[in-house]
Amino acid sequence: MSLSTLLVLADGRLPSGAHAHSGGVEAAVSAGRIHDLPTLESFLVGRTATTGTVAAAFAAATCRALTSGRSGVGTVPHARDEATPSDGDGARLAERVAALDDGIDVRTASPALRVASRAQGRALLRAVTRIWPAATNPAGPNPHHPIATGIAAAAAGLGPGDAALVAVYGGLTGSASAAVRLLGLDPYAVHALVARLAPECDRVAADAAARADDPVDDLPAGSAILLDLDAEQHAIWEVRLFAS
Amino acid sequence: MRAEARLVAEADGHGGTRLSTVYGEPPLLPRRTGHQQNQTAAEVHLVGGAAGPLGGDDLRIHLTVGAGAHLVVRTIAASLAQPSHPPAPSTLTITARVAAGAILDWLPEPTVAVRGCDHLSRSIVDLNEGATLRWREELVAGRHAEAPGDLRLETTVRYAGRTILRHDLAIGPRAKGWHAMLGRAAGTLLLVGKDAATAGPRAVNRMPLACGPAALVSATGPDARTVRAALDEGAANTLAHDPDAKPGNWRKG
Amino acid sequence: MRPDNRAVRIGIGGPVGSGKTALVAALCRLLAGELRLAVVTNDIYTTEDADFLRRAGVLPDDRIRAVETGCCPHTAIRDDISANLDAVEELEDRLGPLDLVLVESGGDNLTATFSKGLVDHQIFVVDVAGGDKVPRKGGPGVTTADLLVINKTDLAPLVGADLGVMARDARARRGDLPTVFLSLVGEPGAAPVADWVRERVAEPHHTPRDHDPAPAHTHGP
């Protein structure tokens, strides 16, 4: 695993469309639920424990599916390490990734959030296929964002834990940066908050990697009703700054 | 305490529903209560719900609805998830199977997370293609001004063999930041049926799911009454909607 | 090289209020009859510019796409162009082959330019009311745009702007790159810009940028 490559993928400046998504912050700000640092902290903690944890788990599971035949990748040895890739493996891989993509669908009640997730997945995939042209993508052009994150990590030679970290950390910093832009919060104070929450990202990512082979129905499914309801309202706003 | 309840509903051959099994062990005590507005349905109230669940409880409810039958299950009051001494987790497992052409309404009152509780409620619903479902889950964070214990609702719903909804609602000390994601009271009402996703006008909180003829109505609020009213409003105009439900009528609806 | 089946993409940038949307509307009026045309707008308020174009009746609704920029209009056209690429490709997929896509940036400052990964050519619009020293200040937009439009010349006497000074400074900054003085209130309106756009569309593929492939789809559904 290359730490620098992980940084490339986790960098907010990666051209993957993230800057146009607030992770629900724009709607929560408008509803008055985020208005200062403490309310932002509650939001980020809650989001990390629900949506962030789901994204991490599915990114890790996707990456695991794509890298399990590859030696020296990933943190947990896998039964298929010995197997020679074959057409049957390819079919099983495509089936697992499709099931994971469905898994995000059935965990995302809000149609607006499903659209936003696929838009971000598509954008990330666009970046990945330009940066790592040999990327394997069994998921079609518009995968959910966590699936695309797993594909990206695998293409970059990273493992499931890295994929999970990119997913949960990206969700955290994306939301935090949207709050800085929307509320004019002190960027140092917000980054101090992000730094305080970083160990939680590590914990979520480690858990995601440990469960990367679980059946899809057993993967995390923490639901955030307010994010769903906000997203549906936000999608019909006349005027908005962020796509989601 | 370990307890089980089993309800089996079947078509009676005359356009109505017959309960072929009504079985329960305390505190899961089912009572046939009839169904006022709908002669074709069989209605059961679980009357023991208010006593628990208590830490250490392992409660199981099995619901089976056969082709052409319509089963309505309610509880008479909110369930208070309570701690035990010494502390032990409590679980409630609900499994439901609904045949094609059958209707299941699982419309219990909310579960309240009392301080110190550690309760998991797990629901697994299997619907055959052509089944109709109304499945309500509501939770409240503590009694008045009380910090809640840990309460977690895990739900898996399958339609025609395929998972169409997977969600966990969690509040309490282990569910970090829950209040920013759910509010003090929260609930969902899953509607599966012919027009659940498509009926117009579409309420903003009735969200068509990605798969299946299904929509999830979601609500949060400061209390259970607000949540119930929002769920009822969101479900209005759907055939899958409970005919008894009236906005604001949270005991009955 | 621009592939045969892809529209020419022209970016239209410039500071807030310089008349980008009015220019896009005028170009649509002049070109919609002869070119297969669509517009992507990047205004910070996502529907505003698109609504302006719709109200002006210059293009059918389905030929206009608004892109959200997350408070960072320059990011969306320069550093992370993915949402704009998606919008352009979606228009081409939905409407069939197009000759021209105009990508209008959100109002920004003099440093905002389009990425060559997004557009083939760019027009930078400033106006005389912004002060006649704008061309002298330079900045990447004024200096490097393929066409500089100095707009609202009808206002020059009112704001005391010296068009001669602006022309001289623009030449000094831009060398051989063309500059057009424009007033959309009278004749000939946007015709000089429309002519320049026609030339770009008619050009054989000589653009320096690579094609952006759609996201890979190796196998599966």
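Per-chain residue numbering starts at 1, and chain names A, B and C are given in the order in which the chains are listed.
Definition applied: a contact is a pair of C-beta atoms (placed from the backbone, for glycine too) under 8 Å apart; a residue touches a chain by one contact, two chains touch by 3 or more.
Because the structure is a prediction, the values reported are computed rather than measured.
If each chain is reduced to the average of its C-alpha atoms, the one that sits nearest the average of all protein C-alpha atoms is A. Most remote chain with respect to subunit A, judged by CA-atom centres, is C.
Work out the mean CA point of subunit B and of subunit C, and you get 55 Å between them. With centres defined as mean CA coordinates, subunit C is found 34 Å away from subunit A. Interface residues of subunit A, counted against subunit C in their complex, comprise 13-22, 90, 94, 97-98, 119, 122-123, 125-127, 129-130, 135-142, 178, 181-182, 238-243. Note for the complex: subunit A touches subunit B at residues 33, 39, 42-50, 102-103, 105-111, 114, 200, 216-217, 220-229, 232-233, 236. Those residues of subunit C lying in contact with subunit A across their complex are 44-48, 67-72, 75-76, 79-83, 85-86, 212-221. The touching residues of subunit B, counted against subunit A in their complex, run 154, 156, 162-170, 175-183, 186, 188, 204-205, 207-211, 216, 218-220.
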